[in-house]
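Two complexes come next, and they have one chain in common, subunit A, joined by subunit B in the first and subunit C in the second.
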Partner chain A sequence: MNRSFIARNPSVLVFLALLALFTLVVSVLSEGFGIGLVSTSFVKTLGKTLCLCLIAVAMDLIWGYAGILSLGHFAFFGLGGYMIGMWLMYERTRQIVVSSLSEGVLPPTPEEIETGIAGQIFGVVGSADFPLIWAFADSLVIQLALVVLVPGILALVFGWLAFRSRVTGVYLSILTQAMTLGLSLYLFQNASGLRGNNGLSGLQNLPGVSAPQSVVSMWFFWASALALALGYLLVAWVVSGKFGSVIRGIRDNEARVRFLGYSVESYKLAVFTLTACLSGIAGALYYPQAGIINPAEVAPIASIYLAVWVAIGGRGRLYGAVIGAAFVSLVSSWFTGGQAPDINLGFYTIQWVDWWLILLGLSFVLVTLFAPSGMGGLVDLLMRGKKRGGNT
Partner chain B sequence: MSTLLEVSGVSVSFDGFRAINNLTFQIGNAELRAVIGPNGAGKTTFMDIVTGKTRPDSGHISWGEKNLSLIGMSEARIAQAGIGRKFQKPTVFEDQTVQENLLMALRKDRGPLAVLFFRPSAADLERVAELAGEIGLTDSLLRVSGELSHGQKQWLEIGMLLAQEPRLLLVDEPAAGMTPAEREKTTAILVEAAKTRAVVVVEHDMEFVRRLNCKVTVLHEGAVLAEGSLDHVTKNQEVIDVYLGR
Partner chain C sequence: MKTMLLTVLSALFLCHGGTAQAQTVQDILQSQRALIEQSSRRTIGPAIDAIADSGLAQMQSVLEAWQAKDMWQRLEDGFFFAAHKTADGSYELTDFESGAVIGTYPKDALAQIKPNSGIRAMIATALVRFQLSDPDMARRGEALDSIARNPEAGLLGPLRAAIPSEKDPTLLARKLRLERLMTMSYDTDTAARVAAITAMAGDLGVDFRATLNPILTTRIVVADAGVTPEGNIAATLVPGEAALSRDAAYALLVEADKAQPVLTPDARDAGLEAHIESGRIAGTPIAKLDTETARDAAYGALAAKGLVPLLVHPPDIDASLANHQFFSIYHEPSQQVTEAAEAALAKSQSRVVASQAIDLGLDALSLASIYFLAAIGLAITFGVMGVINMAHGEFIMMGAYTGYVVQQFVPNHTASILVAVPLAFAVTFAAGVALERLVIRWLYHRPLETLLATFGVSIALQQLAKNIFGTQARPLTAPSWLDGAWVINDVVSISYIRIAIFVLALMFMGLFVFIMKRTRLGLETRAVTQNPRMAAGMGINPDRVNMLTFGLGSGIAGIAGVAIGLFAKVTSEMGGDYIVQSFMTVVVGGVGNIWGTLAGALMIGGFQKGVEWLNPSNTLAAQTYMIVFIIIFIQFRPRGIIALRGRAAGD
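The block that comes next holds the complex of A and B.
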C-alpha cells in the first residue's frame, strides 16, 4: 500500500475521513462516553449497521467486481457469529457456574464445573454433554481464529467444487442459496450442537467485564468501525491493481481471460474465500451487539437482502455498497420496527410492517431497470458535473 | 524449418455432425499461414481444439520442441505455453483502459498471489507504450477501451496478443469490418509479427489473403482440401468447385 494507491483512489480517503467523523460524532453523543443524546440501543443499531456495511463491501467485491452473484454470504456471516458466540456463552456460563458452586462446602471439581456448564447451555435441547464442536469453546484465541477459518474453509471447499465444474451465473447463485438453506436447516436441529432454534443468547454480556452496556456498546461500535475501515481499505487495494483488472475481466468475459492464460477458477476461488472470511469477521462483530444468534439469521432471505442492498447502493463501487447497506438496513429497521406512522386511507390502512417489503421490492426493481449504477451512481454524476464545470 | 505445432488425425463430432474430420495440419516457427474455407468448414472449431476449448474425439496435437501434447490441457495452461488467440468479434475489456488491457496481457506470472502484489514497473509501462505505438494507440493509452472504434479495438486485441509474446498466434478474421486503410495496417502488423513467431490467419476475404502473400490451407468439411500458394490453390479444381465457384 503505497502513496500512489491512495492518490489513485481519492474516494478511499474521503470514505475513511467520513467514517472517522461519524465515529467521533457518535462517541461524543453516546451515553457511555459523551453527552447521552444517542441511546445505547441506537449505538448498537449503528454498530450493527457498520458490520452490515462490511459484509456489503465483501459482497460488492464478489458480485460487483468479480461478477459472481453469491446468495449465500450470510451463511459465512452467521458462522462467524456462532464461532464467537460459543466462547461468549461458554465463558459467561462458566463464571456463573463456578460462583454458584463455590458456595458449597468443598471446592468444585473440574468435572462438576464442566457438567454444570453443559447442563446450563444444553438443557434447553435436552442434553447435558458438550458436543465435539465445542471442544475449543473455552479458548478465546482459538474461537477468534475459527471466526475466520470456519467460513474460509467452507468457502474454499464449496467454491473449489463449484468453480472447478464451471458452474456459473444463475446456477451458481442457486447453488450458494442451497448451501445457506442447508446450513440453516442443519442448525435448526437440536442435535446440531448449537442449541437448535434457541440459538446462542446473552452474547451482549462480555464475560469478566463489569462495565455497563452503554460502555460495552461503544467498544463494539469502535471495533466495528475499525473493521469496516480496514476491510474497505483491503478490498479497495485488492481491486486497485492488476488483480482488480483480472476479476473485472472475468466478470465481463470469462473465456477471454482464460485465453490470456489466467486460471479463472483460482481467481474466483480466491475472491470467494476472501469475501467469506470478511463476512465471518463482520458476523463476529454483529452478533455480540445483537445479543442473540439463531438459525433464522442464516436463512436464504438474509443473503438476498444483502444482494438488494448492494444493487440499490450501486455495484462495482465500494462506497455504493456501504451507502446501500447503511441506508436500506436503517430504513428497514425504522419501517419494520413500528416507528413509521401508518397511513390511513379511510377504506384501508397501510401498515408499514407489512408494506415495507413491497416498497423494498419495488425499489429494487426500479433501480435495476432505471438506475443500474444505484445510489452510488449519483456520486459519479455529481463528480462528473463538477469536473465538467471545471473544464469549461 | 522445425515444426512448432503438429495436428495429426484429429476428429471431433457434435451430436453426430463431424465438424473436424481426420484433420492434419503443421506450422513451423516464424511462419505466416492463411486458412480459408467456406462457412462450416471447421475453421473456428480447429482454433477451439488447438486452444483447448474443445476436446477432440481422436487424434494428436503436439507442440514445441518437446512435443508436448496439448490434448487435455486447460485453456489457461495452453495460453501460458505460448498460444495466443484473437476472436472474430473484437473482445477487449471495454470498461478498462487501453493500458489496463495491455498490462493484463503482458507476459508475467499469472498466479493470483503474484498478480495481487503486482505493480507495473517502469520497464512494464515502457513495454506497454511500445506496444501501443505498434498498434497505433499511443494517444489512447488512458482511454477506456469501450470508447475505441471497431478497428482500434481489433488492433488493441492484436496488441494484447503481442503482449502475451506467444509463439503461435491464431487470428480469426482480423480484417472484418475494417476500412481499406485499416486493413493495410493490419496486414503490416501480422506480416511483421510472423517474422518472429508462427501466425495463423483465418480469413474469408481473398483480397486480404492475397496481400498476406503466404502459404494457404483450404479447409472443407473439417479436412484439408488443398495447401500451397494462393495461386496454386485457386487453380485447384476441387477448391473452385466447393468454394470459389459459388
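The block that comes next holds the complex of A and C.
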C-alpha cells in the first residue's frame, strides 16, 4: 500500500528529497554543526518557517481539499505553543527556584518550591497560586500529549457543534473566526491562568540543557524538518486514498456526496480535528524557537494570513501550501524587518515597512481574481509542458 | 503649661464676652487677642468660635480679612484692623466696625496676623455660616457644597438658622435635604435622628447612602463564651462564615491576648535555623528537613525542650475559637438609630437595584444600537446580496476618518458633523462601488473567494490609513450640545451621544425599510437577489443594481463610522473591532432580514451587558462568553433568530 502510494505520488518523493537536501545544506552551513555561514537567528527563522509550512499543509488539507475555509487554525497553533510553553516555563523556573532556595540553611520543601515557582511565574498578573490548568505542567510527557489533545478536543467539540448544525461555507469561516477571537480575548485576561497579555516567555531555553543556542536551534530545526516531512507524508497519504476522494467530493458538491450515503459531517469532523492536531504540533515546535508566545499571536488576523499563504501558494496541492507559506513569510519578514531597500520616487519615498502590507493585500486580491491556483499553478504549467514535450 | 494658661484665660474671656451686651467688633477681638496673636492651630478654635458666634454682621469681613492675611494689629494699642498696602509702602487701616479708613501707618508700626493653612481652613468653616445667608446666591450654593463635602456637627445649627430666610426654591430644597442628612448624623436628639432617617428611607441619592454608611459602621469585638459585650450589637459572628474568616477571627484573638500567635513558616524556619547543633536540629539531620511535616516535627521537639515558643496546631485554633464569641458592634451607640438606618438602607438598596436594572437596560440598548449601526450596512451587502465584505469594518473606519478630516477644515463641530455625514456617505459609497466593480463582481459565484479578496482589501486599506494618519488615535469631537448626560436619578443616567446613536440607528432602520420596500431600487435589489436571470429578463440591469446596492451598504457603513467615531477613538484598526461583531449580529439575527439584524443586535448587546453586570471588572470575559454563547445559539437556530422561509431562503 505504502509503496504504491509513493509510486502514485512522485511529487511527495521529490518534496521529501528537496527537504532533506535543504536540511543538510543548512546543517553544514550552520554555526552549531557546520562552517557557520548561517547565523543562529537565521536558523531559527528557517526552523520557524518550516513550522509555518507544516500548518500551511494542514490548512491546505482542510481548505484546499475539504473546501472548509477555517479561520481558526492559528488558534490551534497557538494552543500547541501554550501547552509546550507551560512545561518549558515551569521547568526552567523550577530549576531557578530550587537553586536559589538551596542556598538557604534548610533544604527546600516541595511546598516552598511550589510557592516559589508560582510567585515567579504569576507575579506579573498579581497572583501567587497555580491555576488548575497548570496541574500537569511539571510533566513533559503529559504536556506533550496535551499539545495534540487540547487543539484536537477543541476542534472536535467546535467542529461537532458546527458541522452538526450544517454551518457551511462563509458562515463556518465567520464562526471559526469568532472562535479565534473568543480564544484570544480569553487569553488576554489575567484570570485566564496563562499570564494574560504577558504570555509565556523564555521558551528558547531548554531546561536541563547546557548546550548553546546555536546547537539547540539546530535541534529544533531538525525536529521541525522531521515534523514537516512526516506531516506532509501523512496528509499526502490521507488525500491520495478513498478518504481523499470523498473529501474532495464534499468540497465540490456536498449534497451529492451526502446523497451517495457518506456521512459528510464525520468526514469533515475528522479532517478538522486532524488538521487541528497538526497545527498544535507545528505550534509546539514554533514557539520554543520564537522564545515567546502571547495572545496577540492567536488573534484572528494570524489565521487570515495563513489563508493568504495557502492561497498565494496554491490550494489543493500540498507543495503549493509549503511554497506559499515559506515564500510569503520569508518575504514578509524581509520587508518588515527593514532590510528591503526603500524606493525613492523623488516626491515620495516608499518605505517597505509601511507599504508591504498594502502590497500583500493587493497581491492577494490579484491572486484571488486572476490566479486561483496560486504559485503552485506555475509548477502545474511546467509539469504539463514537460509531459506534453515527452509525449511528442 | 503656657497653652493651658492661655486656654483658661480665653475661656474666661469667652464667659465675659457671652454675658456682656452690645459689644463692638474690637471688644471681641481684643478679648481673643492673646489667642489671635499666638496663631496656633491647636488653640485658635475658641477665638474663631467667639468671633463667629458673636452675632455681629461685620464679623464676616473680619474673618475674610483674617483668612486673606489682611488683618493687621496696630502695635501702639494692639487693636486689629483690615489693612492694605498703599503705593508708598505704608499701610492704610480700615476699621471693621464702621468700615471707615482711620489712617495710614508705616509698616513698622504694625504687625501682620499670619494664619497658617490649618487656621485658614478653620476660618473657612466658620465663614460658612455667614455665607449660608449671603445675599449672593452663588455663594450660598458654594457654602452648601462646602458643608456637604465636610459636614460637621457644629454646622447643623447655622444651617438650620439659615433655612427660614432662604427665598430661592432650589437652594431651599438643598438646604432642607442637607439639614435632614446632617440631622441623621449629628442631632443630639435620638428621636429626631430616627425621624429624619425614616422620612428619607428609600431615597436613591448617593449622599443619603453615604450618610447612612458611617452610622452603620461596625467593629468586631471578641468576648469570652457566655459574656455579652457592651454596646450596640449588630450581629453575632461565627468564624468561618463570610463576614469573618477563621484566620481573621484567630488574629483578633491573638490581638486581644487570648491566644498564641500562629507561627508562620518563616518564623518556624528561623527558629529551626537558630538551633542547629553540629548539623542536626533536635537530633534530626538538616538534610532530612525537606518536607513540611519533618520541619514541624523538629520544631515540636525544640518547643518541647522549651527552646522556642510553642507551635499552634489546627486543633488548638479550633478550641480557641470555640471558647470565644465574636460580635460586630456599631460605632453608633443608639440602637433605635441603627435599626432605622438599616431599614432605610435596605429600602434604598432595593430601589437602587431596580434602578441599576433600568440603567443596565439602557446600557444594553445603547450597545445594541451601536452594533446595529455597525451591522446595518452589512445587512444590505451580506444580508440582502449575500456578499461577504470583510472590508466592511474598513468602510466604517473610512467614514470616521472622513469626519476627522472634515473637522480639520470646519472648526464648528455642529456644522462639521452635518458636512461629514453626507461626505462620509459619498466617500464610502464611491469606495464600495469601486470595490464591487473591480473585485466582487467577478466573484459572485465564489463566496469564499470574495471573503478572501475583501480580506486583502481590508489589510491594504488598514495599512493605507496607518500610513496616512499614523498609528495614534485621532479625535472626532462631538458638538457641545451632545456633551453631558440625561440624569434620571443618581443611579440611572445615559449620555446624550448614546441617545443620539440610538436615534440614528432608528432612523437608519426606517431608511432601510423604506428603500427596500418602497423604492424602485429596493424592488430591483430584491428581484436581483432572488433570481438574477429572471430579473434581467424583466428588464432590470443586474450589474447596475448590484453596484448601487453595494454602494448603499458601504455608504451606510461610512455614516455609522462617523457616529461610532464620536464616542470611540478613530484608529486604523477600529474596523477590526466591529467586523466580527457585525457579522455575528447579522448571522445571529438571520440573514436577509432587517428585523433579524435588529433582534441580533439587541440580543448580543443585552447578553454582553448582562455578563458585564455579573462580572463588572472584566469586559474581555464578557466578549468571550458572548462568542461562546453565539456559537451555541447557532446550534439551535442555524438560520438565526428570524429565519427566512420558502423561496426567499434561497438555497
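General remarks:
By definition in this document, the second predicted complex is superposed on the first by the 391 of 392 C-alpha atoms of A that agree within 3 Å, B and C clash if a C-alpha of one lies under 4 Å from a C-alpha of the other, contacts with A are read in each partner's own complex, and residues count from 1 in each chain.
Here is the rule we use: contacts are C-beta pairs under 8 Å (C-beta built on N, C-alpha and C of every residue); 3 or more make two chains touch, one makes a residue touch a chain.
Because the structure is a prediction, the values reported are computed rather than measured.
In the superposition on chain A, A:361 makes contact with subunit C only, while subunit B stays out of contact range. With both complexes superposed, C is the one of subunit B and subunit C in contact with more subunit A residues.
In the overlay built on the shared chain, the residue A:171 is in contact with subunit C alone; subunit B does not reach it. By the touch criterion defined above, A:270 lies against subunit B but remains apart from subunit C after alignment on the C-alpha atoms of chain A. Judged by the touch definition given at the top, the superposed model places A:246 against subunit B, while subunit C stays out of reach.
In the superposed model, A:260 lies in contact with subunit B only, and not with subunit C. In the superposition on chain A, no contact is made by A:292 with either subunit B or subunit C. Of the two partner chains, subunit B is the only one touched by A:238; subunit C is not. Comparing the two complexes, no residue of subunit A contacts subunit B in one case and subunit C in the other.
Residues 51, 53, 74-77, 79-80, 84-85, 87, 91, 93-96, 100, 103-105, 110-112, 115-116, 118-120, 160, 164 of subunit B are the ones touching subunit A in the complex.
The part of subunit C that touches subunit A in the complex is made up of residues 265, 269, 272-273, 276, 286-287, 289-292, 295, 388, 439, 442-443, 447-453, 455-464, 466-467, 576, 580, 583-584, 587, 618, 620-621, 623-624, 627-628, 630-632, 634-636, 638.
Only residues 67, 69, 105-112, 158, 161-162, 164-167, 169-171, 173-175, 177-179, 181-183, 185-186, 188-189, 191, 300-301, 304, 307-308, 311, 354-355, 357-358, 360-365, 368-369, 372 of subunit A touch subunit C when the two sit together in their complex. Here subunit A touches subunit B in the complex through residues 2, 238, 241-243, 245-246, 248-249, 252-253, 255-256, 258-264, 266-267, 270, going by the rule given at the top.
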